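Going in written order, the chains are labelled A, B, C and D, and every chain counts its residues from 1.
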Amino acid sequence: MRFRRAGVLVLFCLSAATFAVAQVRQEIRFPDVAGYRTLKCDLHMHTVFSDGLVWPTVRVDEAWRQGLDAISITDHIEYKPHRDDVSVDQNRPFELAAARARERNIILIRGAEITRETPPGHFNAIFLRDVAPLEVKDFFEVFRQAAAQQAFVFWNHPGWKGPEAGRWTDDHARIHAEGQLHGVEICNGNTWYEDGHRYALEKNLVLIGTSDEHGPFGDRPWTAEEHRTLTLVLAAERSEQGIREALFAGRTLVWCQNRLFGRPDHLAAMFEAAVEVRAPHARHKGETIAELINRCALDLELERVAGPGPSRIRVPAGGTVLVRFRESPDGDAARPVYRVTNMLSAPGKPLEAALQVPAPELPQAQPG
Amino acid sequence: MRFRRAGVLVLFCLSAATFAVAQVRQEIRFPDVAGYRTLKCDLHMHTVFSDGLVWPTVRVDEAWRQGLDAISITDHIEYKPHRDDVSVDQNRPFELAAARARERNIILIRGAEITRETPPGHFNAIFLRDVAPLEVKDFFEVFRQAAAQQAFVFWNHPGWKGPEAGRWTDDHARIHAEGQLHGVEICNGNTWYEDGHRYALEKNLVLIGTSDEHGPFGDRPWTAEEHRTLTLVLAAERSEQGIREALFAGRTLVWCQNRLFGRPDHLAAMFEAAVEVRAPHARHKGETIAELINRCALDLELERVAGPGPSRIRVPAGGTVLVRFRESPDGDAARPVYRVTNMLSAPGKPLEAALQVPAPELPQAQPG
Amino acid sequence: MRFRRAGVLVLFCLSAATFAVAQVRQEIRFPDVAGYRTLKCDLHMHTVFSDGLVWPTVRVDEAWRQGLDAISITDHIEYKPHRDDVSVDQNRPFELAAARARERNIILIRGAEITRETPPGHFNAIFLRDVAPLEVKDFFEVFRQAAAQQAFVFWNHPGWKGPEAGRWTDDHARIHAEGQLHGVEICNGNTWYEDGHRYALEKNLVLIGTSDEHGPFGDRPWTAEEHRTLTLVLAAERSEQGIREALFAGRTLVWCQNRLFGRPDHLAAMFEAAVEVRAPHARHKGETIAELINRCALDLELERVAGPGPSRIRVPAGGTVLVRFRESPDGDAARPVYRVTNMLSAPGKPLEAALQVPAPELPQAQPG
Amino acid sequence: MRFRRAGVLVLFCLSAATFAVAQVRQEIRFPDVAGYRTLKCDLHMHTVFSDGLVWPTVRVDEAWRQGLDAISITDHIEYKPHRDDVSVDQNRPFELAAARARERNIILIRGAEITRETPPGHFNAIFLRDVAPLEVKDFFEVFRQAAAQQAFVFWNHPGWKGPEAGRWTDDHARIHAEGQLHGVEICNGNTWYEDGHRYALEKNLVLIGTSDEHGPFGDRPWTAEEHRTLTLVLAAERSEQGIREALFAGRTLVWCQNRLFGRPDHLAAMFEAAVEVRAPHARHKGETIAELINRCALDLELERVAGPGPSRIRVPAGGTVLVRFRESPDGDAARPVYRVTNMLSAPGKPLEAALQVPAPELPQAQPG
């Protein structure tokens, strides 16, 4: 039996002998890149304080167990279906979760979801100091209030729902022109909004991916295909300020169902940090054989564009495969170019990357 | 994105393309026994309406996915740590979950946890029509109110917490004498209360096992060792009335961490329903070889008491193993007796069961 | 340490305390259909006696653990790459595995792979009494020898390999005309040969699916997508004779990567045996809600053709989902028709099946 | 279909569309320690060339997939139950596996098992150049032959089998005195030989742990409890020579069923490399809270000996848990001492280790 006292920290160092979700953190395998920390962030989720199904502290526990660095609880400002039973104070979710977040070393960012008919739809404002001022009727006033708090604002699920969903309207154009709209969810849950992705690139909006979870998360181990959709924020430091700076600077990658979306330079940096080809260790019939190591959480899918090497290579997350490269007549190091079909800088635009194959380290006398 | 409308049934027949807990029900493998339905029940759990962390409908969804037949949400009557934010109406958890339970075909039993200092400790009253009358100061009046509603009442976690925990006091004796205490949790979460088990047998109290869960359940597949602690109720029909009749008649088994506790006749009936030895199909060096099939969710652990057969047999849940029996000189069918070390009628008292080994079905000419 | 004595049966009733593959059988979930036993058979695999990598007894152990009923070891007659180290006696694989098969209750069928250039390619002959006579040079003589032993013969992987692969040549036509070719592998490993499937239907050849495994199988639990490709043989009895009769009668289904291939009547019988819609138990807004149960190992994928019900339904293997059916104005039982997109009687021809929805069993007074 | 050509390297860079064991390598999580590479080695296993059940190349494939660095195939010299069908050439297993090992970058060490009655029992000789000279009748001559090749020799499973098993006889004493016996298997499969462990310490023999596998390995992911028993060799370089030097120098750890055995200095070095306590990040009621990270493949089990901290801590392999330390009145850094109950330098002698807890990095103004 666990008798929970409100506001009291309960740390289970030794499992409390119950069948339940284990309180152990597992890291997510994405290396730091390009001199930045790769922070794993989910900036859109709900609790019982709007239409979600869990208490705010649950969001912190989930984030910690799942290896996240930062979350924002973004309950709907205008939509409170539990209002007969639960407080409608807009700041309560943050306040209730804050102590738990400090204990678990999770960066908790105060946020809220601006919830209007579609179009224009829903928007998240994060880095707020007080959500209450955003509870106003006028659409444009909300964004002014968010801007007054230096919030980072992004358009949510730009394809949901109804016939008008995803349309870039004058309303969007206006808040964008005012500098009050900074990003767009190109992925929400397991849905990739390709049109939203195109807008984002066209309008230079920051790429965001979120879970938008309402219920509790399960505790199955993640696979490359089945995981929480996240924004990887490339931050100078692991702090709320670090995330804010990186978001406004547009240093994000979006991880959704075994795909990674982002700017070409960020994708290239992640590929370089994650993939290593070891020096070929064997030779067979004019080919050298080398180990290719994948140190990230994607199952990487490669198609050859030029140079020696297999036409397709698939390297599971965290795994190593063997690849063989045709030896060049002059003994030069191979430099094959591959298309990474699940790292995309735009719809239809996969990353192209050169594999760095070191010079072979072969034994002197290698029998057939 | 899933925009949840309060009180509206949302059925995901095709997965809604989000990483989240799948809405698929998996049955729990315990066969019906002795002419009764084996109903899987959890009669103790919490929600945000006391010190739990999930909305009441989550308890129904979990129960359905996990293969349960019935649950009782038993929020604390006297302990409401979320009272600043959540309604203290004692009947709300049931009311909010009832429609969801009808939709998911889960039997939802109205209940509550009577929460006093230890001793006497905590008690659950279930099959209530109205929880409110139980919110009274006088300890004995609470039980009179429960009795007035024909509730089934059991003592919770009789070993928690503090130096006095688990002591059978005059208070317990009095409500028991009045016929107002009917059962005891011999298992709560993953804890087996051996003293509580002894009381239960001594006082003829009904054996109950519950999860007492406060947080969300995960969604890892259950193993024989790691699963939700349940009461298996042997009921004449799958209905609230069927469960009530069976509980008052004491027809229960308690499943906790790969052990099954219950009355000897119920354990024997479950063993007989779950275990089959097929007719031996091969012969080798004076021994016959047969398949032993385990059709229940326990990893069965057997130790030989008498007769032919291996000294120990372990049959994983749902699995089949091969066993060899020494042939009797007169060709009689073997009838080995085994101790089932994880089916216990009392602390230290494992079930003894005879394996029914049919006559061999061996081919005529069986070469060495 | 396990010191293995040749030819001695070692039964591990209690795990022998080693990390290794557990000797426990897990059944494959396909119900018996249409009055027949559904036997799980793999009729194509190799050992060290041709180009495989395991000892013949390993094939029996794998089959038993994986829930199979019957296997045929079909080492290449003409291709013996291990001939410097291993006997080339064509009957040894069967002889070495036979005792193990009796002990494990696996039906072991003597077979061999006729291995010629492509075209005509490779063929399996099974139910042989002696493989040696098939080791002859003349192509047509091999088939005469097989026929003389009443063998069942099928064309292997009709699409492998080279530009000529899968072509139905005069050679095929001739042995077919002579009644010496009876079936074709429409699936081999994870490859579905669509052209082979078309030939099979055109020429009235029996549908076969096999693993053609050369290495050891792993021991991960199977998923609907990842499993050993099998032929489900609908046999009047579980015996070699039962399988032979069923094969010559063409009563087979082929299970490959979450698809089931077969004649329409066999597919329909399997669907009927595997799928149950329970009587609707709840009503909401003019719709009734019912549980749909899938008792087979396929993740079933349904698309509505006519009648009430969701446009698409996905029911994981062994799982239950909720579906809602629009109520007909006159209260008649619903009878929706669905296309089962992963049960195919020919390339592009999914099974169409009517769901049997029983009359609702709803409580008298069902509040909104 | 996969038609295997003898001696030809087949590399599957893209999965060959068959259900089978995936050809992907997963590393084993044990960090390098004390300036040495931590090489994962299994120095005892069998193939069809004695009483094993797989072809020699299978041992290389398994080793590569499972993250090993080196193996030795050690078929019995005197025990050849497959002699009717398989060559008895003592050097064939090595010769057949050598090319595969080069391709997969696995260090293949030529070895053999000297197989005598018990006592004295079985012994492995590794780093041989030619196994044939060891096939001699005289017991002592065998060891002279091994010594002539500078072999490393260890006593196998010193507790198997029969009443005399595990007895240190004059024969053992003699070869030991001659410098012809260097190590002892303290773990073989999942069995820990405690007496063997005591001998090893008493006689200063090198600690070895092996799988002694005869059948194929499965492909389930390893858990902390269920994995192949290995010797972790602390080598100056990843090469056969590096392993030889380290073995003769006694730099080994033995990993068996979530326990690590070894010399105190090696265990301490592994603990230090694997465990990190981060600087406390939060404070609550006179305690600081910090993350404890476990970077090795053991589920670490800690019991407090002295200093602040929880009485027991369990940190799953690769996981992070939160621990709270009582703050010292003078603000000094905490330095709690823990017993690591599953890192043992001798039977009954767990490692004691001080946790390095850095000075807190707490925010200036930390609200309650």
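Quick note on the criterion: contacts are C-beta pairs under 8 Å (C-beta built on N, C-alpha and C of every residue); 3 or more make two chains touch, one makes a residue touch a chain.
Please read all numbers here as calculations on a predicted model, not as lab measurements.
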{"item": "For chain C and chain D, chains touching each", "value": "none"}
{"item": "Lowest number of touching-chain links that must be crossed from chain B to chain D", "value": "2"}
{"item": "For chain B paired with chain C, centre-to-centre distance based on mean C-alpha positions, whole Å", "value": "38"}
{"item": "Length of the line joining the C-alpha centres of chain A and chain B, rounded to whole Å", "value": "40"}
{"item": "Residue list for chain A, restricted to those that touch at least two other chains", "value": "none"}
{"item": "Contact graph of the chains (line, ring, star, complete, other)", "value": "ring"}
{"item": "Chain B-facing residues of chain A, complex", "value": "1-7, 16-21, 48-49, 51-55, 57-58, 61, 79, 81-82, 84-87, 89, 92, 96, 122, 156-157, 160-161, 188-191, 211-220, 226-229, 257"}
{"item": "Of chain D, residues touching chain A in the complex", "value": "9, 11, 13-15, 22-27, 99, 102-105, 281-282, 284, 289, 291, 310-316, 318-324, 366, 368"}
